[in-house]
Structure formats: C-alpha cells, structure tokens
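Shared chain: chain A. Partners: chain B in the first complex, chain C in the second.
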Partner chain A sequence: MRVTLAASAFAVSAAAPASAFAVDYLSIEQAAKLMFPDAETFDVRDVTLDAAQLQQLDAQGVKARSAHWSVRVAKRGANTLGFVVFDDVIGKVELISYAVGIATDGNVKQIEILSYRESHGFEVRLPAWRRQFVGKGAGSAIKVGEDIANISGATLSCTHVTDGVRRIVAVVAAARRGGALA
Partner chain B sequence: MLGYQHRFDAKTKVVTELEVEHAVSSADDPGEVEVEQAYIEHQFTPTWAARAGLFLIPAGLLNENHEPTSFYGVERNFVETAIIPSTWREGGVQIVGSFDNGLTVQGGVTTSFDLTKWDATSTEGRESPLGAIHQEMALAKARDLAVFGAVNWRGVPGLLLGGSLFTGNATHGQATTQSRITLWDLHARWTPGRWDLSSVYSRGTISNTAALNATLVGNPTLIPKSFDGWYVQGAYKVWSHEDYALSPFVRWEQFNTARSYADLGPGLTPDASPYERVVTLGANFQITPQIVVKADYQRFRENKDLNRVNLGLGWSF
Partner chain C sequence: MKFSRRSAFERRARPLLGTIVDIGVRCDAATALVDAAFAEIEALQRCLSRFDAASDIARFNALPAGACVTPSAATLEVLRAAQALFVASAGLFDASAGTAPDGWVCRDGRLHKLHPKTQLDLGGIGKGFAVDRAVERLIEDGATAGWINAGGDLRVFGDLELPIALRDESSGASRPFGGLADGAFATSRFGDGARSRLAGPSRGGPATRGTAHVSVAAPLCIWADALTKVVALSGDTSHPLLERHGALAWLH
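Let's look at the complex of A and B:
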C-alpha cells in the first residue's frame, strides 16, 4: 500500500483583439429576427437594476454581473411578443457571443450562438443542445449536470453559456417585475 | 502547465502549452520541461479549419482534454496512459471539419513513433509500449511519417460516440526491417443529468517485431506484437451547493501492454503478459468549476504491490 500526492495545474491566458470573430454565425439583427420572425420592431430598452433587485437575484443564486442591461423588446404593433438579450461569456479562454429570446410568459423561447471562437466545443451551436433551454424559466435549475446535458470536451463552454442563460432569464424577470419592460 | 493563446486575426491563432513536471527540472532532479502544444490554427470556412505545428492527437477521451478538472481520479486511467500514451502529441498538419449534425472529423499527417529508441534492458516498454518510443518532437525523426483520422459525434446532448486511428512506419530506415505501428480506439461518454458514464477500448499493433526482437533476445523487455485495454467508468454528482459539487466515481479497467509477441521459436518467444485489472474507487470534490480536490483508492489484481491511495489537488484557468 502506498499513498501518493499530486498537484496538477493548468493555466491558459489569451490575448485576443476584442473585435476578433473566429466564426460569426449571426448578426444581432439576424438573431433577433430568427427568434421573433413576426416582430415588426425591436425596441432597445436600457435596464438598470437597483440594489434591492440585485440582492434578490443574489438570494436566488444568480450573479447579475452588472446592474446595467440592454433588452430588446420584440413588438408587433402595440403587442409585445417577447424579449431578446445579447451577451458574451468566456468559453475556455475566448468569448462566446450568444442571444437569449424570452417569451412573454418569462420562459426561454430560443437561444442562438452568434460567434464561437474556441478550438473545441463548437457543439454548443448545435440545435439539439440549444433546444434543451426552450421552455425553461425562473423556476428552472438551468444548470449543466441538472437539467442541461453537458457536451464532452466542451464543459467550460456549456457551463458558461448555461450560467449566462440562467442569469438573463432572472434579470429579465426582475426587470419586468420592476416595471422596466412594460 | 502554462498555456498561451494569441489570436493574430479573425481566422488565425496560435495555441501553446508549456509543462514543468515534478516541480523542478535540472540535471540532478527528476523533472522535465515540455512543450506539449504549439500550433497555428486557421479557419478557412465556418466548417473547415487547419492546424499545423505540434498538436495533441485526437485519441480516446482524455488526450485532447487532459486538464486535471476534466477527469476523475488523481491519475489518468491506465488505458489512456499505458495503451494510448497521453499526453500524446506529434508534429504535422491536420484538417478539422465541424458539421452541423454534430460530427467532427479530423485527419492529418504527422511524425511517427521511433522504434529505434526501444530499450530492451528497461521496463519502460512494459509500462507503456508507445510511451517508451514517442518522439514528442524532440529532434524527431521524420523519414517515416504517420497518418491519423478521428471521428466524433455529439449530435445528441450529453452523448459522445467516437473513434480514432493512427498508423505509420516507425524505424526510419535505421533498422533491418520496416515496422508499422497502428493504434486505434473506440470511445463513448454519456452524461445524462447527474451521471457521467464513459468507456474506452484501445488496441495497438507493431508489425515485423520478430525481426526486430531477434537481436534483443535475452533482454527483459522485447517489443510486443499487440497491446490493448478498456475501461468503464461511472460517476454521479451526489451533492452540490452553489459551485461546490461532490462526485464519487468507480472505474474498472483491464489492460495488457504485451498481449502477444511474434514467434521467435521455442524457448525464445516471451510469454504474453497477463491482463492487469484495476478497480479505482474515489471522488472528485469541486470547489469551483476550476478547482478540484481528488481522492481515490486503486486496487490491482496482478501486481498487488501497486495498491495505493492517491490524493490530489488540481486547478485549471
């Protein structure tokens, strides 16, 4: 019998110009139209969460990351069809640009990957993986290893996009409760 | 391990990894300093990219994803160290195709192994036949080149099915005969909910070993004709709170680094090795997704002296 001790570490740094897109799949306008094809306009609303709202999100286990969010309200005439939020998260070392479409019932309607830059893990783009989010709302776990299946070899990309979707669902719900998107 | 990536432009980047093993590397210390990856990647279209330089061979589940946070257990499994010589890299060029149906195909031409490095007086070849003769791009011989291909399918969330093949001559015109080394694997991983289930089978062959071994008879470690191994592993996240997560796992593996030898005649042909069978029982405790504390117990069926408890701490960022 023996006891072995091991410490292993892996650190990666990246230096990438902010405008660098390895593969751009969709523009912001294309993604918004794809999610709400019936929408005639997408009104851009700047939302600022106050301290109480941020604390409420924190109590739900959601780190809002910023108090300031930009939400596009999909409209047909006077009717609100839903909301679209664009965001970036880090995959392993590079940014993933994505968009979340939320229906008026507060549940995810669709997510789209706008740009993916990593060497591995492009599978977060696949429709089958993205479909897992459809219908999930503020009451859902929206966590890899819970209600969202991981992609082998792309754990960090999956985890960070999933965390981002959970954050956006919670932020839009909080903003609507506060009357900011009425 | 230190990694550095730099993006030159929208379609081109360089990826590098530098590793220091065993903390200190000097003439009097056991450590090594290694460049594990150094390649340029260029994206031609959203589907097709090319890599050139020193890169990891896409074999098994671990070789291309070997950060400590991405596998269970303190040490990597035996199949993907003794049979697939992780961390296995070669110099060359490859193309990568990523398709919308979840299929990733990779193929390329690289440096090969170097059988003239085989040391029949050492046990290294018994521990990992290909680990003993990999070149790691250190003044690598390139008279004989190898080709490789890999197919992986991730079309269903949580499921990965794949396989790989690597084959090439490996004596570089410096032995009495040519010899081809071929290594292939099939692998699967399924992660439904809190489960993480995986399995790998890999088999390698070396041709014309009778001629190569003829001059090595009498030494303890002759060149095997074939070697293989497989494992099944199951992990389950039993507890999680915020970023903390506890995932016990169990792995059963059996492997044989000398499954068969070419016939050298009565009394001269070495006996094939018995399969080593190892059960590993342990747990990964995640502090954050980038930091993991690991503990496991490994029990060996053949060489019971190797029974051990491993404790590890890993991080990746």
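Let's look at the complex of A and C:
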C-alpha cells in the first residue's frame, strides 16, 4: 500500500480548491451493443403513453415522469431480442445517465451507467449546466473520462437510478401491452 | 505508473451495493473481465444485502430466536470478520447495529439466532469485502492494473497510482486528497443526518459538532471500510486496530 498526500489534502476546506467531477463510461450505442451483442439493428421507437396507460402506471405506484419515451428495439433479422431505454436522473449533486436493457420476458437484462456528472451541489438543477452534457459520451472508443480521479466520500446512493429502472420497466411493459413495440 | 487520461483503461459503472460501482481495468479482454467482476459483486450482494429478501442476512433477520440458516461460504467469511472486529474493537464495530450483539453465532456452517431482537446489517463491512473479492477475480482473470470504487470504498491494484478526491457530501464539493497504489481507501460521513454517529468528547472523541468524515487507507478494502466505523466511534485516528491491519486514518 502506498499513499501520497496532495499538498492541499487537508487544507482548511474554505481555502481548498473545490472541483466537480465527470466521467463518461459508455455511449448510447456502446451500451446497446454491450447489452445485446447479437443484435443487428436497434430500431428507435418513440412511445407516447396515453392517459389510461399513465393512470395504470400510477396505480402500480410508478410515476411515469413523462408520457414520451424513446425505446430502442434490439433486432436480429425479424426477431426482437429486447429493448434498451436511456434516461437521466438528478441526485443532490449529481446527474447520472444510464441505460436499461430489458429482455423479451420483461425482466431487466443489464443496467449500465453511461455518464456521471457531479456539480458543486446547485448547478445540477440548472438546465444550462445539464445542457452542456447533451450529446457527450458518444465517443467511438471506450476510454477513461477526462480529468477523472476516483472520489471517496460518504456513500453516494443509487436510489434515483433504482427508481428510474423500475419506471422504465413499467413504461416498456405498458408500451408493449399497448402494441407500441410490436 | 501515474494515472493518465490516455491510459488504456476500460471504465464502466453499474448501480450495485446501494451505490454506483465504478470499475477500471487495463487488460486486452477488459470487457469480459469487467463483466465477470460485476457478476461477482452481484452474486455477493444477493448473499449479503439485508434489502434482498432472499439473501442470507434478510433470511436470518426474519428468523425467530432459536432458528438458523445455512449461509453461503462468502457470508460466513464476512460474519467471521465482523465477529473478530467486534471482539477486537471492544464492541465498537457491531454488525447487529446495537440490536443485540450477542444474539447471533456461526456454528457448524450455520448462522444461529439466539435473541429475537438481533438484526444483522453488513453495510459497514460488506461493500469492502465485495470490492476485495471482485478485485481478486480481476487479478485471477489476468487484469494487470485497475481499480474498483464502490461509492467511496475503493481498491487499486497493479502498476497504477490512482488520484483520489474527497467529497464533502453536505456541499457536494470534491478536493484532491492524493494518490493511492496497491491498497484500499474508504470514507464515511458521520454526524447530523448520517446513519452513523461520531464519538463526542465524552467517548474520547474530538469536540466536533455537526458532521465529519473519516477516511482509512488499508491494504484490503474490507478493513478500510470497517475501520472507518471504529475510528469514528472511538474518535481515535491512532486506534491500535489500525496498525494491526496496516491501516492509516484521517479525520476531516
């Protein structure tokens, strides 16, 4: 074990430089390929849930958050292999983009974090701060994000992601029942 | 080797262990290795998480006194470590979180419930254990360098010095801490609004009001993770258990 302390490691916190972190893990395309390596195509379908479907989700205790969802259908020839949905969740200081792969039986096949953006705590709620990351993470190679260290702090909760996954599973099930993804 | 953005690390993250688990690996077949490491962590989570109703721990918690479960070998290993730490820390580290520390025992490969109130929670040691196991898996599978960071409980291996930043959860700001090679690091937050309390002056701790963070560096992540609790509860950054596990601690 070797530990090297930075000069500013334990400077008075008010004077220590504060920074925010960001990591790009996977692009949307990379995540979809990773989840369904046998797929030849990913058809993008825009799904709009109607009022009755939204009510049904509400009855299941799922807040759909939006009626409009974009679902990628993984296909090999005419066969549907599954579905991939991308979403963002906002935590106290972080914006997390993630992807959920759903198998044809409706179960979660895989979850991958696409990117992680940490703010100083307030910017995360500002649309302008979030907008600067739109379209990021689409690099061709899987690589380490820029200026990235590993963060150690009180454990970050993944509750928002877990809730988001539940929402996506319910939305895809509702869309399939409605025939939107056939 | 210094960590650099041009290094050929595959880096991925998944929501696991109640947090975001970040894995970076340098290897030719990195994707398969990372997948296997995530699978290892998922399997351990299914044994250790009290939030998973089918886990060894949740099944134990649901038992009446006098009954027992047969846990996985991994669960038994974590429980043995927790029990050893309970004794060595004179009760500061308590996997029963104060419900009834002497109400459980492992005997003949079974986990027995002795007290109806005992509820086990491996949250203070399980993440570190899972990180160690998954790192060992990566090394066995041929990874030459990399890291696993389970929401702040992290371990670095191979020829790599990983920069580490500390985050203050109340402000969200991070600041550089330094570099870590061939070892583990964990941070816990204690005090107002946190699950754990920091020792006050009455227990020999510092006269810190509000919140504070405890960071521990150790060769293994299980000890880095668990010893943050011992340091916080004793308020002692030179607690004898640190030396026994080759660990260093900071209060910040």
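Definition applied: the second predicted complex is superposed on the first by the 122 of 182 C-alpha atoms of A that agree within 3 Å, B and C clash if a C-alpha of one lies under 4 Å from a C-alpha of the other, contacts with A are read in each partner's own complex, and residues count from 1 in each chain.
FYI, a residue touches a chain if its C-beta (ideal position, glycine included) is under 8 Å from a C-beta of that chain, and two chains touch if they have at least 3 such contacts.
Owing to the predicted nature of the structure, the values given are computational and were not obtained by experimental measurement.
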First (chain B), second (chain C), both or neither touched by A:G61: first
Which superposed partner A:I151 touches (first chain B, second chain C, both, neither): both
First (chain B), second (chain C), both or neither touched by A:V44: neither
Chain B versus chain C as contact partner of A:A52, first or second or both or neither: neither
Touched partner set for A:L34, first chain B, second chain C, both or neither: second
Contacts of A:I96 with chain B and chain C, given as first, second, both or neither: second
Touching partner for A:Y25 - first (chain B), second (chain C), both, neither: both
Where chain A meets both chain C and chain B, residue numbers: 1-6, 8-11, 13, 16-17, 19-21, 23, 25, 93, 119-120, 145-153, 155-156
Interfacial residue positions of chain C with respect to chain A in the complex: 3, 5, 7, 9-16, 18-20, 22, 24, 31, 127, 147, 149, 151-154, 161-169, 171-189, 194, 213, 215, 217-219, 246, 248, 250, 252
Interfacial residue positions of chain B with respect to chain A in the complex: 1-7, 9-11, 13, 15, 17, 41, 43, 46, 49, 51, 61, 64-65, 67-70, 74-75, 98, 100, 102, 104, 152, 154-158, 160, 189, 191-194, 196, 198, 237, 240, 242, 245, 289, 306-317
Residue ranges of chain A in contact with chain B within the complex: 1-17, 19-23, 25, 61, 93-94, 117, 119-120, 122-123, 125-126, 128-129, 132, 145-153, 155-156, 159
Residue ranges of chain A touching chain C (in the complex, touch as defined): 1-6, 8-11, 13, 16-21, 23, 25-26, 34, 92-93, 96, 98, 111-113, 116, 118-121, 142-158, 161-162, 165
